[in-house]
Each structure stands twice: as structure tokens, then as C-alpha cells.
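Across the two complexes that follow, chain A remains constant while its partner is chain B and subsequently chain C.
Up next, the complex of A and B:
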């Protein structure tokens, strides 16, 4: 039974890798989502085109293939990445493409009235976005961002394919060493669930904070 | 009152194949209070929206404070205005909307101080002080820290008036500002506007369906139909002795609907 403690430590080390991937991947996804989402509604056609191309490409191909390209093919052009960097990049770019559409949709959902009020008080385009439109669009984005973050958490397991020892990878190691499938996979099942619960909880709190004072508006 | 503050020359506006304004000409003198009346779809609101640069024009020319609104000089030639020019011109003009359009995520005070702080670089203390003075003027001094969703329609509209005034424009546009209000809330907004008209030398353009108010408020009334001015004159003349048949029939309908003119 003493061995289980060692195996559990192994899985927990993997869990830490999963947490890091999720947090860094989500951070990248968030940044990318805003850049591409705002790009989609740019006044300049070439910016819109670029954003659309990125979104369609990363939504339209599998994250597995994207990861292999980033980790194995990109180095041929001279851009050598650690497995962690490649994992964060694949996750961030993939989920960011979904997030971009959320950003765009939420911005377009803010009524036209609000844009017109901004023109009437002579705010610049940037000030309109920063002070009026985005603060109202953000509460609309958060529920879907929560979904995306959980999707990203679950997608982290693909990185085991580029030899990054995340939670799923470690569970496979334990399974092959002990011959037991039940113990490692029950453990990581619970751990994944705990992590996604933590994400949901965090997002709900955030939602409550940003919608404060907006009750009665929507 | 010698120099027109607004000059509209041969203005045309169409939405697709629908022409809403067709060869419109009129001047507004500095300090003048103008009421624009007429049936729905006659183009009155579109004129205000064009002056606020919320719509593009299809042809013609507008001058505001002696400068072209939709045109600018570049290399000695007159070209369509860019965003920077429009931004500069908008300083002269403020607008109050039918549906108030307050910022729902900002308090009453922040609604008023946001633009002066951002566009004029006013310090918060100074902006706050003036916002409170304006709230006092519209009778809402005690509501500074409320959110717009906690106010009645009439209160919201009075905040919207204060918000527009905070930028000290020379020209104020009022677009059917009482149309979205419950009848018993109309008076409180009209009261504020009457006081404004009496106490300031701001130029005001008002689109309204309240004929009684137009009569008390305006120096001149323009009656619009199908994107053209059918008749204009001092309210006493236009309301009591209209010349055109179109004006007469419009006023008859208004009276039949129970309004005082």
C-alpha cells in the first residue's frame, strides 16, 4: 500500500503541470481572443481578413494536429520550443479562436444606442470601446469564457503526446507500472472534476462582480 | 444674432433608394430656439442625427460655427471629412435622445463626468463639482450616486440633459425627448428645458410632437413633410394662421388627437 503514496505524488506532479498549462493557456487564449475578436470588427478590411483567417483555421483543424505542427514542424523553421511552450501555444491559439467569436458577439450585442451616446459626447473610438462598450460587453462574455476555460482544461491531456508529463500522462505511467487502471484513473477523474469546479466557481464570482450595478439592465 | 451658426445648403440624404431629405436649405442663428415639427417620417429626426454626425450625408453641405461639418480642406481642395475633423466639430454640438441612452454601468454622476474628463482632460474634482451643479439645476442633486436603472424615465432624461450640458456645447439637439416618457413625467423634463431656454444663449433645435411646448419654447417653427420645409415662421403665426394646406391638415389632426396648440 506504501507504493500508492509514491504513485499519488507522481499524479499530483502531473496535476501541477495540468494546472500550469490551463492557467497559461487560458491567459494566452484571453489575449488572443480580444485581439482577434476586435480584429473581426475592425474598420480595416485586411485586419478583418487576417482575424477571420486565424479563427477559421484554428477552429477548423484539430488541436492534436496543431500541437504536432507547433512542436515538431515549427522547429524546422528555427523556432525551437519546449514542450510546455508548445502546449501553451497550441491550447491558447486553439481556444483563443473560439473566444474571439465570443468577444465579437458580445461587443455587437451592446445596443447601437450606446455607440450613438458616445458619439454625442464626443468620445474617440478607443474611448468608446474602453469606457462604454467593453465594460458592458464583458458580462456577456464571461459565461462562455467559463465554458471555454473548462474545455481548455480538458484539452490539456493532448500534451501527453509530445512527452509533457501532465496528469493524464502520469496516470498512464502509473497504470503501466502497477497494472491497475482503476486507481490512477479514479484519481485523475476526481482531480479534473475538482479543477473544473474551481474554474466554474471562480467564473461565477467574477460574473457577480462585473455585473454589479447592472441588475435590471439585462 | 447676425451670423448663422448652422447653415444647411441643398442637403440630401437617402437610405438606399429611399430619399428622406431632398434639397433642404435653412439657416439657424446663434441663440435661436428652433422647433422642428411634422408627421413621422418627414425627416426631422434625420436632420438632428446628421448634425450630430450619426448619419452620413448623401449630398449638399452643412456649416457649423462657420466651418464645414462634412468637408475639410486638404492641399487646397475640399474633401470629405475624416474622423479627426468630425471629432473636432462635435465639440460644438450636444444631443439628447428619445431613449436617454445613459451608460447603464456608470452612476448618474459618472455619466455626466465621463466625457468632460476624457475629452477635455478635466480633473475629477472640477468635473464632479460641475456635474453636481448641473444635477442641482435639473432637480436631481440627491441622485448623484444612483445607477440609471434606479431612476424613472423623466429622471433619466434629466440626467441625459445634464450629461449633454456638461460639455458646454454651443448647439443642443433635442430629439423627441419626451416621447418615451409616461405622460405624468413629461412636464418635469419640459420644465428643465424651458428654464434652459430662458437662462442660456445656447442654440437649440428641438424635434417634438408636443405642439404646446413647441409654441412656448421656440422662436421659429419649421413644419416638415417628405424631407422638405413646407412652412416656417414664428409659432404664433404658424399655429394660429398657417398658410399651407398641408400644415393646416396636420394641425387639425393634432388638435383632433386632443393636443393644445
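Up next, the complex of A and C:
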């Protein structure tokens, strides 16, 4: 009983790994989502085709399968990855594929006349996106991005299966060392819930900030 | 490392045996999710504030924590509390419980999507509660739910590899054991990926058809 403090420290160290994975995975997912989402509506057919293939591939299999494939099969081709790199890559590419559809949907949801007005005032394609379309599309993306971020946080638990010492992995360590099951698993369930609540709270704040001044426009 | 077709063929029967368990787990999990989801949705609409609030919190909690940890909880913690479940049963309950929270949202969306006027008209024409639900609300609420439910069914199917973590011998676990005994990862892992991909791509086509047929749930 006296060692709980030590075991709790172990779990908190795992929590830090989970936080790092979530942040890095989300950053990669965001970048990938914009690249693939814009690729889906590109002028060039081959770019559209490439983006669609990427999205369908990563949405068609689960993160678990992708992670194992990246971790066990890619090294055979010569690309050696640490568990952390494999984890961030799998998380980012998987959630990025879902995010890409959100980016595409939000851009297409901006009314047509906005696009036409841009053409009328002779903006370049880049200016159109940067100054007119994206500022209006971004608030539409945020709620779904928030959900995607929570899905990503939940998916980080899978990396424990490639022996990355995240929160779930540490709970298993505590379980095998103490034989106690209730304490480690209840602790990490509460920590995961606290993290996902913090994420959804943060995303709601961000949403309010971004939509400020847009009341009445929609 | 090269792709070996002979080896790939030789492990197919093992993988297909695992695939059968994957399908069984998905089907049973879907039934649990559909029933429990309805229970959650009804309790959340309860007139009793305490019941509605508690259900809301439970649903949020389950949605906010990873399925893998929930599976561990059911598989490792419950036996200590005196409830020992076989791995597949634990897995089906875990997946069903997790996806029930998503299904509950679909039920809620479908029911709230029925315009208020329909409820009022049912009341005005003096229908009983039973008649209102059976003849007015459900016929309008169910069709838009179908594509959304099918979507979650597909999501659950893709999540079944998690069951390998609690020793269910489904597709992923069979692939892992083949890989560990033969030291060849390329074929089993790739074949698992291909199998999931093929099923999902076919399902996506079916899903598009369902969406055209029954319409999308408006969010």
C-alpha cells in the first residue's frame, strides 16, 4: 500500500507521454488534413486522385493495423522508426485523413458567390484562399476538429501495444507488478476523461474566439 | 525483405479463421450497441432530471475514454470484483458499450429531427402515446438513422483488432501469432490491412447507396 506514490508517479510519467503524443499527433494531423483536404479540390486530376487514395486508405483501416504496419513492416524496407515516431506518424496520418474531409467540406460550404466575388475583384488563387475562403471556412471546421482531437487522444492508448510507455502501458506495468487492477485502471480512466474534457473545453473557447464578430453573418 | 506468395497463401486459412471471429464480434457488438444505445437515449430523455443527468455523464465518460482501456477494465478488473468473463464476451460487451454511446446520439438526433408539428398533430388527433410513437414518430425518425448507424457499424468493425489486446483470437491476433512464430511480419500484417481495406471499401459503396436511399441525418 505504501508504494502507491511511486506507482502514481509512474502513471503520471505515462500521462506526459500521452500528452506529447496527442500534441505532436494533432500537429501532424492538422498539416496533413489541410494538404489532403486542399488536394481533394485541386484543379489537377492527379492531385485529387492522390488525395482521395490517401484518405480512403487511411479511413479504410483502423489505426491499430496502420500502427503495426508502420512499426513492423516499414523497418523491413529500411526505414527504421522509434516507437514514438511510428506512433506520431500513425496517429497523424490516420486522423489527418478524417480531418481532410472536414477541410474539404468546410471550404465547399463557403457560399459560391464568395468565390465569384473573388474572381470579380481579380484576386489570385492564393489570395482567394488566404483572405476570403479560409477565414470563413475555419469556424466551420473547428467543432469537428475538436471531436477529431478527442478521437486522437483516445487512439494514443493503442501505442502501448508497440511498447511505447504511455499511460495505458504504465497502468499495465503497475497491474503486473502489484497484481492490483482497480487502482491503475480507474486512475487512467479518470486521467483520460480529464484530458478529453480539457480538450473539448479548450476547443469551445477557441470556437468562441474565432466566431467572434461573425454573429449575424450566418 | 521480399513478398513471398507461397507463405502468404499458406497462412490464409489461419487468417480467415481469425476473420470469422472478427465478424462474429462485430455482429454481436452491434446488437449490444443498438440495444444499449436505445436504453441510453431513452434514459437521457427521462423526465427525472437526476436520471437524465447521470446518464448524460456516463455517456460522456465512456465517449471520453479509450476503448482499449475500457476493454482492459472489463477483462482485468471485473474478475477481481467477482465477475469472470470469457475474452470474447468481455470484448463484445466493451465494444457494445462504447459504441452504444455513439448510437444513443444517433437515436437522439433521429427523434429530435422529427418536427414539433408532428408531435402536436398527433396530440391534436388524439393518438395515444403508443400510436404516436409507432405510427408518427418512428416511421419518420428511423430512415435518417440508418446511414449513420451503418457508419458506426463500419467504425466498430475497424476497431475489432483492439480485441487482440485482451487475447481474443480474431484476425489481428492470428496475424500476430503467425508473425511471431515465423518471424515474417510483411505478409500477415499486409494481408490484415488488405482484408480490412477491401471490406471497408465495399462498405463505403454500400454506405453511399444507403445515404441516397434514406437521406443523411441533418446536423
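Descriptive notes on the structure:
As a convention for this text, the second predicted complex is superposed on the first by the 218 of 218 C-alpha atoms of A that agree within 3 Å, B and C clash if a C-alpha of one lies under 4 Å from a C-alpha of the other, contacts with A are read in each partner's own complex, and residues count from 1 in each chain.
Definition applied: contacts are C-beta pairs under 8 Å (C-beta built on N, C-alpha and C of every residue); 3 or more make two chains touch, one makes a residue touch a chain.
Keep in mind that this is a model prediction, so the values were computed, not measured.
Following the overlay on chain A, a side-by-side fit with no clash is recorded for the pair chain B and chain C.
By the document's definition of touching, of the two partners only chain B reaches A:122; chain C does not. In the superposed three-chain model, the partner touching more residues of chain A is C, compared with the other of chain B and chain C. In the superposition on chain A, A:135 makes contact with chain B only, not with chain C. In the superposed model, A:201 lies in contact with neither chain B nor chain C. When the two complexes are overlaid on their common chain A, residue A:182 makes contact with chain C while staying clear of chain B. Of the two partner chains placed by the overlay, neither chain B nor chain C lies in contact with A:16. With the two structures overlaid on their shared chain A, chain B and chain C come no closer than 23 Å at the level of C-alpha atoms. Of the residues of chain A, not a single one touches chain B in one of the two structures and chain C in the other. On the side of chain B, the complex with chain A involves touching residues 52-54, 83, 87, 90-91, 94-95, 97, 99, 101-105, 107, 114-115, 118-119, 147, 149-150, 163-164, 167.
Contact residues of chain A toward chain B in the complex are 113-114, 116-117, 119-125, 127, 131-132, 135-136, 213-217. Of all residues in chain A, those touching chain C in their complex are 56-57, 59-62, 64-66, 68-69, 72-73, 76-77, 150, 153-158, 160-161, 168, 171-172, 175, 181-182, 185-186, 188-189, 192-193, 196-197, 200. Residue ranges of chain C in contact with chain A, taken from their complex: 1, 61, 63-70, 72-73, 76-77, 80-81, 158-159, 161-162, 165, 172, 176, 179, 185-186, 189-190, 192-193, 196-197, 200-201, 204.
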